[in-house]
Amino acid sequence: MIQKFFNWLKQPLGLIASGIVFLALVSAVVYGIWRTQQAPEQPIQFPHKTHVNFGIQCLYCHPGAARGPAAGIPSQAKCWACHNQIVKTRDSALLAPLKDAVLSGKSLEWVPVAIVPDFVHFNHRPHIAAGKNCEECHGDMTKVTVAQNPQDMTMGWCLNCHIKNAGDDQEKLVKLTDCGTCHY
Amino acid sequence: MSEQVSRRDFLKLAGLGAATTAILTGCGPASRYVKREPYQQMPEYNLVGQSTYYATTCRECAAGCGLVVRTYQGRAIKTEGNAHHPLNLGKTCARGQATLHGLYNPDRVQGPSTGSWDAGIQAVADAFKKYKPSEIAFLMGMTPDHLYDLVSDLAQSTGMNAPLRYGALGMFESRATLSKAAENVFGQAGLPWFDVGKAQIVFSFGANFLETWLSPLAYTRGFAGLREKETKLRGTFVQFESRMSATGAKADKWIPIRPGTEGLVALAIGRLVSEIRSGAALPAFANVDPAQVADEAGIKLATLEELASMFVNSNVLAIPGGAALGQTNGLEIAEAVLTLNALSNNFGKPGGVYLSALAPNQEGTSRPASPIEMYDLVEKMKSGAIKALFVHGVNPIFELPKTLGFEAALANVELYSFATFPDETAAKAKYLLPDHHSLESWGYQRVATGVALPVLSGSQPVVSPYYDTRATADVLIAAAQAAGGKFASALPYKDEVDFIQNKVASLVGDASGSFSASDTATFMARFQQYGGWFRNVESLIVPDASKALYNPVKTTKPSFAGNGEFFFVPFVSPTLAEAGANKPWLQELPDPTTTVMWNTWVEINPDMAKELGLANDDRVRITSEAGSVEAFVYLYPAIRPDTVAMPFGQGHTAYGRYAENRGANPADLFGAYYNDAGDLAFAGMKVKIEKISHAVKNGGLSRMESLMGVYGEGLGGEEH
Amino acid sequence: MIRPDEVKMSVEETGKWGMTINQDVCTGCQACVAACAMENNISFVGEEDSGYGRSMHWIRIERFWEGEYPDVRMTPQQPMMCQQCGHATCEPVCPAFATVHSQAEQLNLQVYNRCVGTRYCANNCPYQVRAFNWRDYQRPEPLSNQLNPDVTVRRMGVMEKCTFCIQRIHRAQDTAKSEGREVMDGEFTTACAQACPADAIVFGRVDKPETLVAQITNNGRGTKHLAELGTLPHVTYFKEG
Amino acid sequence: MTETKQKEVDLLALFSDVAPAADAVEQLRLVGVRDDEINVLSGVPVTGAMLGREPHPTNVPKIAMGGAILGFLTGAFLTFVTPYWYPYPIRVSTQAYVPAPPTVIVLFEITMLGMLLSTFVGVFMDSFFPNYRPMKYVPEISDGKIAVFVECESGDQNKIIDLLKKLGAESVKPAEAQHL
Amino acid sequence: MADKKPHDEHSHEEEMRKKHLMLDPLPRGKMNEMVMEAMLEKPTWKFWVVFLVLSFIVAYCLFYKWYVLITKGQGEAGVMRPDYWGIFLVNTVFWIGISHAGTFISAILRVFKAEFRRPFTRIAELMTTFGLVQAGFSVLMHMGRTWLFYWLIPYPNQRMLWPNLHSPLTWDLLAITTYLLSSTMYLFLPLIPDVAMARDRSTGWRKKFYRVLALGFRGTEGEWRHLHNAMNIFAFAIIPVMFSVHTIVSWDFAAATRPGWSSTIYGPYFIVGALHSGMGAAAVVLAVVQGTMKNMKYFVRGEHFDAIGKLMLIISMSWAYFYFNDYIVQWYGGDKWTRIMLHFHEAGPLGWMWFTMLIVNIAIPWAVLWNAKWRSNPWIISVVGIGINVGMWFERYLIVPVSVAINRMPFTWRLYQPGIEVPMGIGTLALFILLYMMASKLIPFIPVWEVQEGQLAHEFKKFGRETVVSVSELE
């Protein structure tokens, strides 16, 4: 049986079939890898550019960034507080999920895109305090609708910036490159 | 043929395709991202990404320590001590730390057994109406809290039985005995408070004050004070007990005396001291003969003389407690020890004996029910005098000795349980109406002892209820309203918070406290912020013991039930206590003396064990006249050969996955014998030990310690 | 390429953060153990594994017996946790640099994500204070709600140990920096020291002579455990009296 | 090498012992066959000395030496460079970034690895391994026979065959390249 | 002997020929045929039964159990505090020890031109490679996160995270890699002429297989010269590598701060121990090959067991010396913990292991191997060899999990109880045997050209009335 199968594989048809199978496997793997790199689906296609272009500061909705580790996602009440007053948006179909969520008391399930693994303890506050602007890491929000992660947030990316910022200050360099600064 | 092969091939390919699809689904963004749900309404005092700390009160035992709970995004993360709370000054014990394992325990009761809360409330209201008030009884936890006040009010104005407070911890602490002894010696009932911290020498007669006794944190702090005073020499600590407790382990001198002879020893020391001081025995001590006492207690006379000489020139604080009071002569022992203090004349002085202060809104002393009062309750249940029993905050099937027959008596009553956890009693309830966990609840609680200031400790929810539970106070108020009539008028409150505000109203505007507020709203806000209200006036009661030395103290001999060859000394597990067994990390804490985790053991003196042919981890049956339990043998070097000891805390048949069917409950061995104050003579049993089976490899006790390193077991004996 | 200045030996000897433990007042109550477990997301392992020496305690309380009944006594309880040695024996043996010396905090770091689980560090620790994740210890829902977000939840196959609550150090430093000041003595402490009912554990900066912990450390009565090995431990023990 | 190559033939003479083979080599040389036109194949190592020929040049020791130096340099890179190549200082215990004793170990191991690897590679390079092209060979060689290959002009072919036969060759025939 | 005539030259020579392979030459073609026959012999049903059983053991005990270990964690094994290292590392040390015999036989004996080595160098070298494979597996099994093993390899990654060169484990990795690579190459080089021989004598897939392996080897002067040169370099260079490997393995222990482990003599002690178990294993393998494979009675004779027996005796004596040396220094050192540990070895629950070790490692070899007749007997010497391997495994068991039970923290002392390591260890043993079985069917076990080379070099020579063997150097 197996012998026959192998014989069949040696025929032109078999060769084509095995070629197809091989290609299918390779493309499945490629597709799989590509899939892992895709942006997640968000409950609302939140237009960052619209909000930023209205002049709303990042810290208005993400105030945690100035105070501590997490920037945070604004509460739905905060969203609705404004949108409820704007007639155009109050009944907009685009905002229906928000309206539903607010009225039903359910939560929207946002998916943060700028993430680090759980063994990395990132803290926004010192970065803001050091004069970093949000867009340096998160990209220019005046241009995007749904937030994308413009950086490959790897350890190298963190460290290069840390080293650059430390400059010749040995003490600062030691602090900023200490394993225990982020991993504990 | 080739067609067949290709079909087979196709099938294989199809299978491969399915597998690929499955793999690819896992490759989606979900594999890298997590979903995050924002708050509906951000609480104004919450900040994104910042922890919020709430002050509340620990409910793991009745002491009433202040906690500060760290919460993060609506989850309780960590309990820490409330540094402003005068009782614990920012410290916590292991059980306080593990509270969160109760809050987030996977086995909690998730909702009322009636399905809806309306039905549950209706059921309670029906019970109020269905039965005569005298047929309704409330059994509650030991804590003197707002719910107790609420139920007391309800009972008082409707004629129901006065609520009983009970807990196994109270039974092992023999609170009734201490109170009665105080009454007999000082003429004033109350919970004695021993100022260990400022004492020079402490003689503890069985008191396990570093474990779970009355107010563990306050006494531990006192002990630290005894040991590291800057202004004086390191205090000395002598412990008299038959089995070395975790407290005794810290003693400079540990004196193993026969159970029940603590009072005699105290009196003998008193006699020796008074003879040295004045040449003659004072009347209080005249009844004893030191030589005979030494013989009876199983120690040398020289030891007594040495202790007396230690006593003569200094102030000694003598503390009665623990298994010493759990004897048929427990009251006499307590009186003898309290009287010994009179020799130091330390009543009401730093380093001496006081009676505990009354809490701010407390009218008189009240103590938890003694076992004999519980016995009365059980008898009433049996006789049908009580038809509806409401249980909250206590697990009587587990915490009462089996011999009282509580479980059987339940057949005669309708049981309404407010348990948050599916314990043994809750399993028997007709209606299970779960209360919130203590970290989800409002409330206040009076601190019964442990602090010089009167303290009303406040509780508030630190997280919103995780399950469909409801505050018992709310349930009772709603039920009373539904029942109408005198019930409604007894509890004329909107809800629990309304009741609490009403109760603390007397403190609003009181300027003697840790804060003062002119209106209820401000008072409540501060009350929650600081975790309670503390009167800034030291209010310990100074007992009058002027006559103590001149009244002869009775020297009753203890009587032991049963014909076993061993005295049986049960003690409360310092890490688990009566309700910690459901918390996995408490189970995994090593016992301070034996370092055993997750199980029950019986401590036997190694020499005696050798005589009996017992080795570590052998399985034995311990039999008293009341019953028998099985446990693993632990060869304990610091126990009298005529005594065996067992910890209380395990042996649950319900109570969640971590507690169920684990270890044994020594309370099953207790007989129904009481001392003169009505406390159970839990240490008044004699037991037999028989071996069931040999130790099995890996089947014995989980110990933190190494048998090889600590006991030299298996090392091959002495080195060559 | 960076050429960091070689750190002088004296720094390792004093250390930066230190701890003192008064064994005379330690009652062995296990509050520190529980507090540590709650703060640091330590797994419980169940009866069988804990009895077989696989418990994950970062701090354990040791005690021995002296003498024979009736003159038997328990030796002073000895809480034993990572001593944050200046000359740590665990560090050089890790092939993956998963346990390294923090230059900034002078602590022994355990970088969980770098650990491959050779267990050489634990084997080489004379204090035997490292805990290994022998299995994937699960916390049944909703117990995981209690996890501290400041501390990594370790997974199967990695080593872990006491960190001197480095997350608290970082939080305190961050707060102090945001307020433009230095961290004050007693502003924060480790979970164990915070819980200890007898105040037997004191934690702080040992390199600043004015702090409480430095004063206790330098009073001359303390001993360092196994100091003869030259490990330069940063925990000082005070026996009786 | 001015002759046209088409005329050249390869003769293969099989001998059962070294001595006649050595004689054959000598005689061939006398009749004007150059040393590089003679090739001796054998089933056991037959050295040049046995055949009275110059020993075959080998580069293996040189390559090994080169490999050792390369290995040493790799080791030196690992020990002296990488500790400073981290983007951040990693310190373990109180040990120096480049402690001497471990350095010796690493240098030794990697030097040896480099040397042995390159020795192996040297054999491949010198012997043109692997080589799966058709080659002139007869299986009898591995049976212990000694084969002498002679390149000669077709005109000399018979003369040389005679010569070889006279010297004790078991068989002499034109060699053909074949798949081994 | 007395009645034998010393002048009976013919019978004397006959006897010598019977005894010594080198004096008993056969035509090369005949030897080739014998070796090929041994290899191509149709496997008996017994072979298949053993093969299938071993395959099943490898599949179940090694790979399936490994899967369990990886998915469920090291808790499946018996390791815990303080025995963080268990049987996996015992096996690692054991297999590395076994692997030492191959190099010892083929490199050291080659360097010193010990002629008896010729027929069994390949069999011994295979032991090196196959043993190291098991050692590598055992190390990987030991790791808590096996799938990240590549973090220990120095390669320029994105973060320039190089392994920690301070760690003995990194040295180990470098040394074992070096050793595995070089011993494999050293196995392969002398194999080339033999596979070329097999290529010339086989058909079908084997022909293709050997053709690829033979790399186009024909046997030109140049090829022989390069091969010889390379083998000489290898023979000399691999000896220090071999010593370094087991020394570094011993440093995993000796560089640690464990009582009893910090011993300066551990390096040489481990090397001798490795040779001890390795020679034992070599004797066993040789006996099995001689007993089971066709035509092997010609190639492997009593003289070989005799030689190995002598080596075993010498090594056993050296091992005893080192063991006692280590023991007495530690004992006199007086360190409290070390003394408790030493006492624990003898009088603890595993005291039987300690005594067995001494008996099978010292007493039995000394009692048996002094007798030339006994040590020439394959049965006797394999029993002794198996005993030595059991003893040496016990020795490593005592050094690793039993010694670490005792440390400076008596509160944590605990004795190790093996779990999943036992089946997995059996799995590595099965894989080792399986690899040998497969190799016996795939590659010529006897380096025929080396044997022939040796036979050519040997001849009888007369000194007065005595006929002696004379060996000429052919290089």
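Note that the chains are named A, B, C, D and E in the order they appear, and that numbering of residues resets to 1 at the start of each chain.
Here is the rule we go by: a residue touches a chain if its C-beta (ideal position, glycine included) is under 8 Å from a C-beta of that chain, and two chains touch if they have at least 3 such contacts.
All values reported here derive from a predicted model rather than from experimental measurement.
The set of chains touching chain C and also touching chain E is given as A, B, D. Among the remaining chains, those touching chain C and also chain D are A, E. Across D-E and A-E, it is D-E that has more C-beta pairs touching.
Of all chains shown, C has the CA centroid lying nearest to the centroid of every protein CA atom. Distance between chain A and chain D, defined via averaged C-alpha coordinates, is recorded as 60 Å. With centres set at the average Cα position, the gap from chain B to chain E is 65 Å. Between the Cα centres of chain A and chain C there is a gap of 36 Å. Separation between the centroids of chain A and chain B, computed from CA atoms only, is 50 Å.
Shown for chain C are the residues that touch two or more other chains, namely 2, 4, 52, 55, 60, 62-64, 89, 92, 94, 97, 100, 103, 114, 149.
Touching two or more other chains at once are residues 85-90, 92-93, 95 of chain D. Each of the following residues of chain B touches two or more other chains: 698, 704-705, 710.
Of all possible chain pairs, those that touch are A-B, A-C, A-D, A-E, B-C, B-E, C-D, C-E, D-E.
Note for the complex: chain E touches chain A at residues 158-159. Interface residues of chain C facing chain D in the complex, by the touch rule stated above, are 1-4, 6-7, 9, 12, 85-89, 91-92, 94, 97, 99-101, 103, 232. In the complex of the two chains, the chain D residues touching chain A come out as 87-90. Partner chain D is touched in their complex by these residues of chain E: 27-29, 32, 154, 159-162, 164-166, 170-171, 174-175, 177-178, 181-182, 185-186, 188-189, 193, 196-197, 199-201, 211-212, 214-230, 233-234, 237-238, 240-241, 244, 248, 449, 452-453, 456, 474-475. For chain C in complex with chain B, the touching residues are 22, 24-25, 27-31, 33-35, 37-39, 44-48, 50-52, 55, 57, 60-65, 68-70, 72-74, 77, 140-149, 191, 194-200, 241.
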